[in-house]
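Should a chain be cited, it is by its letter among A, B, C, D and E, assigned in written order, with residues numbered from 1 in that chain.
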Amino acid sequence: MTERAEAIAVTNLHKRFGALEVLKGISLTAYEGDVIAIIGGSGSGKSTFLRCINMLEVPSEGSVAIRGEPIAMKQDGLGGLAPSDRRQVQRLRSRLGMVFQSFNLWQHMTIIQNVIEAPVHVLGVSKAEAVARGEALLRRVGLFEKRDAYPAFLSGGQQQRAAIARALAIQPHAMLFDEPTSALDPELVGEVLGVIGDLAKEKRTMLLVTHEMKFARNVANHIVFLAHGVIEEQGPPEQIFGAPKSERLKKFIHSSH
Amino acid sequence: MTERAEAIAVTNLHKRFGALEVLKGISLTAYEGDVIAIIGGSGSGKSTFLRCINMLEVPSEGSVAIRGEPIAMKQDGLGGLAPSDRRQVQRLRSRLGMVFQSFNLWQHMTIIQNVIEAPVHVLGVSKAEAVARGEALLRRVGLFEKRDAYPAFLSGGQQQRAAIARALAIQPHAMLFDEPTSALDPELVGEVLGVIGDLAKEKRTMLLVTHEMKFARNVANHIVFLAHGVIEEQGPPEQIFGAPKSERLKKFIHSSH
Amino acid sequence: AAEPLKVGFAAEPYPPFASPDAAGKWEGWEVEFMQAICAQAKLDCVITPVAWDGIIPALTSKKIDMIVGSMSITPERLKTIDFSDKYYNTPTGVIGPKSEKFDATPAGLKGKTIGVQVATIHQDYANKYFGSAGATVKEYQTQDEANNDLAAGRLDAVQADAIALDAFLKSDQGKQCCELKGNVKDDPEVLGAGVGVGLRKGDTELKDKVNAAIKAIRANGTYDTFSKKYFDFDIYGG
Amino acid sequence: MSAGEKAAEPDSLVELPPEESTVEATALTRLPSGRGFLKPHRVVLMAIAASIVFCAVWFLRWDWLPDYAGRLAHGVGVTLLMLFGTCLLGFVLAVPIGLVQVTGPWPLKLLAKGFCTIIRGTPLLLQLWLLYYGLGSLFPQFPAIRQSFLWPVLREAWPYGVAALTMSFAAYEGEVMRGAFAGVPKGELEAARAYGMSRWKVFRRIWLPRAVHRALPTLNGETVLQLKSTPLVATITVIDVYAVVSKIRQVTYLTYEPLLLLALIYLCLTALLVLAFRYFENKIPTRSA
Amino acid sequence: MAADPASMIDWGLLALDPPGWGGVLLAGLMSSIKIAIGGYSLGLVLGTGGAFGKLYGGPVTKDLLEIYTTVVRAVPELVLILLLYYAGTDLLNRLAASLGYGTVDISGLAAGIFVIGVVQGAYATEVMRGAILAVPPGQIEAARAFGMSPLLALRRVTLPAMLPHALPGLSNLWLITTKDTALLAVVGFSELTLVTRQAAGSTKAYMLFFCAAGVLYLALTLVSNLVIRLIEARARRGWAAR
């Protein structure tokens, strides 16, 4: 693993909401091509961890580096941290493709407009080029014919696939998925997992919070089990699912059928 | 099975929405104490079937009898049917406990008010008695201490348990569940299934539309598989899940992991 | 001054003193009076209609410079604005429906409902003499509304300045329903001071000019000339 | 706008906006709450406010106040009477107006819609005049009416004021109730039917209370608007507090003082209304973020 | 009033040229519309600023805006207009005088627009604030996650996304504005209501002119409704049908 470049490096990350410490010192490095699944019970801090990586939540302590470039932080005067360079954050964010649990497609734009929005208005790609690439991506997730539909007219599964295309459109260094299927009806889960599985096969760097154990096992090369704000256990899927060591992990795997 | 009384008898039920025929002649009899699980793909007509039983949807053809009393129907002049005696429908409904997918608790009433509403205002039970019984029911579903809370302040699982208590409060001849857990977060499903499982053990007559195959298998004594508006296959759980005959059922069981 | 003098008129029509026609031209006795004094004092005047509600603030905030609006001079008002000398003072009359017979005396109006325009000397008078004698005094924002209600039978009598009443009685509406019941007994303390031009406090220069002009047009006959067009009696009063 | 309102929007992918966000805009329920009220900047603001009040008292003329205190109090009484009378009557009308627009047969629907459009499309002042000077002055031409026992009432001004304000409130509130009725989740009504309630019972026990509760913040705003509309009755000789103040202005020719007093009176009345409504709203808590 | 009102209607009074008052009424209507458009636009600007100030401003900004919206919404418009118009110009004049300028004369139109704008601004603030709150936070978060700067996110996502939520409120405000212009009569502005009163008072044909004005207002409302519907259809294009 070590010969590959670092894609995301998180060191000693802490996050407090008021008195509640949600993350209690997490360090994790994702190398290029890694597919890391983050599992854990509800409230264990998985989403918070993912959101700290692109500064949607500002960490209380610790540091995050994207492709070797540490995000500059400063004290915010209230005993917490704050990014010191907003432009840097925006630049780094513009190459991290985030896919949300609830899709968060922009409802006032058609699917293709959603997909080209960030390339055109953030990265400055020409519109023609963005559309061409966007259409290719939509074709890839099987949504080409929905290109001019508005999100509200699509099923949940289609919306999530569109969201994935939107995230891919910025040619991201890494993709961040926060429970991409848990807002979907059971019948629609498959189509989205299929698309993500394909991405994994291409060796795209991905961090993936999920409740779908079977899927995590098949797709990830590294599993991180979060419990109460710390990494309780991590390792390759065979080890985590086949030979869990910690009691908590055993119980967790057992309970999630 | 035959020595028990009929609780619900549906004969040759058809339901059309305009040109779309959703139910194409369904006959099914539930005897007292039966727990019947209705399974099937999305759009196969499960909800419609359940709703026809208490006339929330008026059947286009066929008849429904509750405890041997057929619901009187008349032609409505447009080629469809309509209940001919509204009072009869109201009376029969007042002994069918329906639990909805989205709970449908009355938001302007506290939990205990929700529970005593139908007993007091429909069945004419005295308020003191209704409260006493209601509190017992709430205790049973583990919600006694939430008795004076408003539904909006409860979790989905708690709301659904309250809805079950509300349905039990009318001392129903039969309970109708329409996907009682599918609006719940995965972690909350268990608590509701637990309550329903307990009811099943008491041999309450129940019709249960569900996506939870494992649960249906454990709890029901009879499984009905609906596809495209007809009963494609039915029988005891071991047979349906263990030795499905129809291709559709095999595929369905396979797909729902 | 290069700036023309802005003369405020109540935007609501008050014939025969001042009312606009459809072309927006103002006409009436007060319009001619205003023109006469402006000509006399060599002032360049323009008519600025302002709704009655806003006419005093318009004066104090210098949106207009004087008000020609049939404003009665009262001590209470003198605390806030200034007045020129009176330029007319008319008897006060009471009108009522033809079908009913009564006099304009406290006894005659007992038990009747009598309409007056709010915050006028007529209101004070009606309250003092008729209200205390068992009549109901009803306040109206404009004279027109009181007249209308009289015609509609919602009032038994209207007390106002005889000229306004006369104009009403000559209109189609007034001709049919109503007649003059007589003028009220004078009480200089209430009805006294007459109508003056409203001026900003401290604007003594203008006040002097206006007073002088009023005296002059009274003296040189202009006043009587244009008054005759409207009235067949002496509107200046005693 | 209370966020809790929207928590229970029906099954749609996108959140639909509240039916009547305008009127929401007039809802004054969000006044600052007591707790955590005193912050340093607030103390400064209040000091500034106090000094303004002091200036107003010191530099302006208030000597007329004692003379009119009684009449002002009476005027406030008339204003409140008009307000509550017309709001209650208007609400009673608004419920069927809103309801038939949601479920009624089309002729009624059309009628209600037309009523709302016409009333909302023309200024209240015009309606008031049409009623009072138009309709009201037709009555006396019929001796039958003039001789009838109704005449003493019909010749007064207040019935016309009440009628105009009531219709206005009914039209605006009818629209609000339409939205509120339509916004009650279908499932809750269905649940009521599923438990054997008759239509009337569903309406009385579930639909109406639920709709009224949804409409409360808007209702609050509408009531404040109605409070601000009541001065119009002064134009037809009903002596409310506004008429008293205009009279003071006419008598004294003071510009600001009576108006400032009037603004203060309306602020106080509004505050009272808001507190009252807040009390009702809090009776059934809604979950807000 | 005459015994037979029907025979009394003199339609000639509504003729477009004097002595008919039709032209005057139409001119009044035009003035009303002019003021309404001006005041409404100002209200929108104030409302947008106010909404963002209330949501994202500092504590002092928030409190001041709260006072602004509360007071303006609690006090009758007529009182506000008198106070703002006269006290406002009074103060302005004194200020100008103390700075050595002469008195400034503010045109009735400008002042009217200003006053209506301030009143509408308070309501618009609340409409916009509600609309912004109604935008699912995830939409804005997604914009941030893709590296948009706050301004870009505002322009590309927040504003267009809130529009459908704001439109019903804003269109209602527009209708209110058209009727509020009647209040400007007190500052001497010849809008529809004032000229109606003048026409009615001069001719004594009260019913005729009140009805005529009512019809004009109603027509304005109905036309506005049509336009609003078009705008709404456009803004809601991304919305699933109800």
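Simple rule for what comes next: a contact is a pair of C-beta atoms (placed from the backbone, for glycine too) under 8 Å apart; a residue touches a chain by one contact, two chains touch by 3 or more.
Note that the coordinates shown come from a computational prediction; the quantities given were computed from them, not determined experimentally.
For the remaining chains, with chain B not counted, a single touching-connected piece is obtained.
Matching the C-alpha atoms of chain A with those of chain B calls for a turn of 180 degrees, to the nearest 5. Pairs A-E and D-E differ in how many C-beta pairs touch across them, and the larger number is found at D-E. Using the average of C-alpha coordinates as each chain's centre, C ends up farthest from chain A. Relative to the centroid of all protein Cα atoms, the closest per-chain Cα centroid is that of D. Averaged Cα coordinates give chain D a centre that lies 20 Å from the centre of chain E. Chain B and chain D, compared by their mean Cα positions, are separated by 45 Å. Centre-to-centre spacing of chain C and chain E amounts to 36 Å, using the average Cα coordinate of each chain. Chain A and chain B have Cα centroids lying 39 Å from one another. Shown for chain E are the residues that touch two or more other chains, namely 1, 78, 82, 86-87, 136, 164, 206, 238-240.
Residue positions of chain A touching 2 or more other chains, listed in rising order: 107, 151-152. Shared interface positions of chain C, i.e. residues touching 2 or more other chains, are given as 53, 57, 60-61, 148, 151-152. Considering their complex, residues 1, 3, 5, 59-60, 63-64, 66, 70-71, 73-80, 82-83, 86-87, 123-127, 129-131, 133-134, 136, 164-170, 172-173, 175-176, 179, 182, 193, 196, 206-207, 210-211, 213-214, 217-218, 220-222, 238-240, 242 of chain E touch chain D. Those residues of chain D lying in contact with chain C across their complex are 61, 133, 136-137, 139-140, 146, 155-157, 234-237, 239, 243, 246-247, 249-256. Listing the residues of chain A that touch chain E in their complex gives 54, 56, 86, 90-96, 98, 100, 102-110, 117-118, 121-122, 150-153, 170. If you check the complex, the residues on chain D that touch chain E are 1, 3, 6, 12-28, 31-32, 39, 41-42, 45, 117-118, 120-123, 125-127, 129-130, 133-134, 137-138, 141, 224, 228, 231, 242, 255-256, 259-260, 262-263, 266-267, 270-271.
Chain E makes touch with chain C in their complex at residues 1-2, 18-21, 23-24, 78, 82, 85-87, 89-90, 93, 103, 105, 185-188, 190, 194, 197-199, 201-202, 204, 206.
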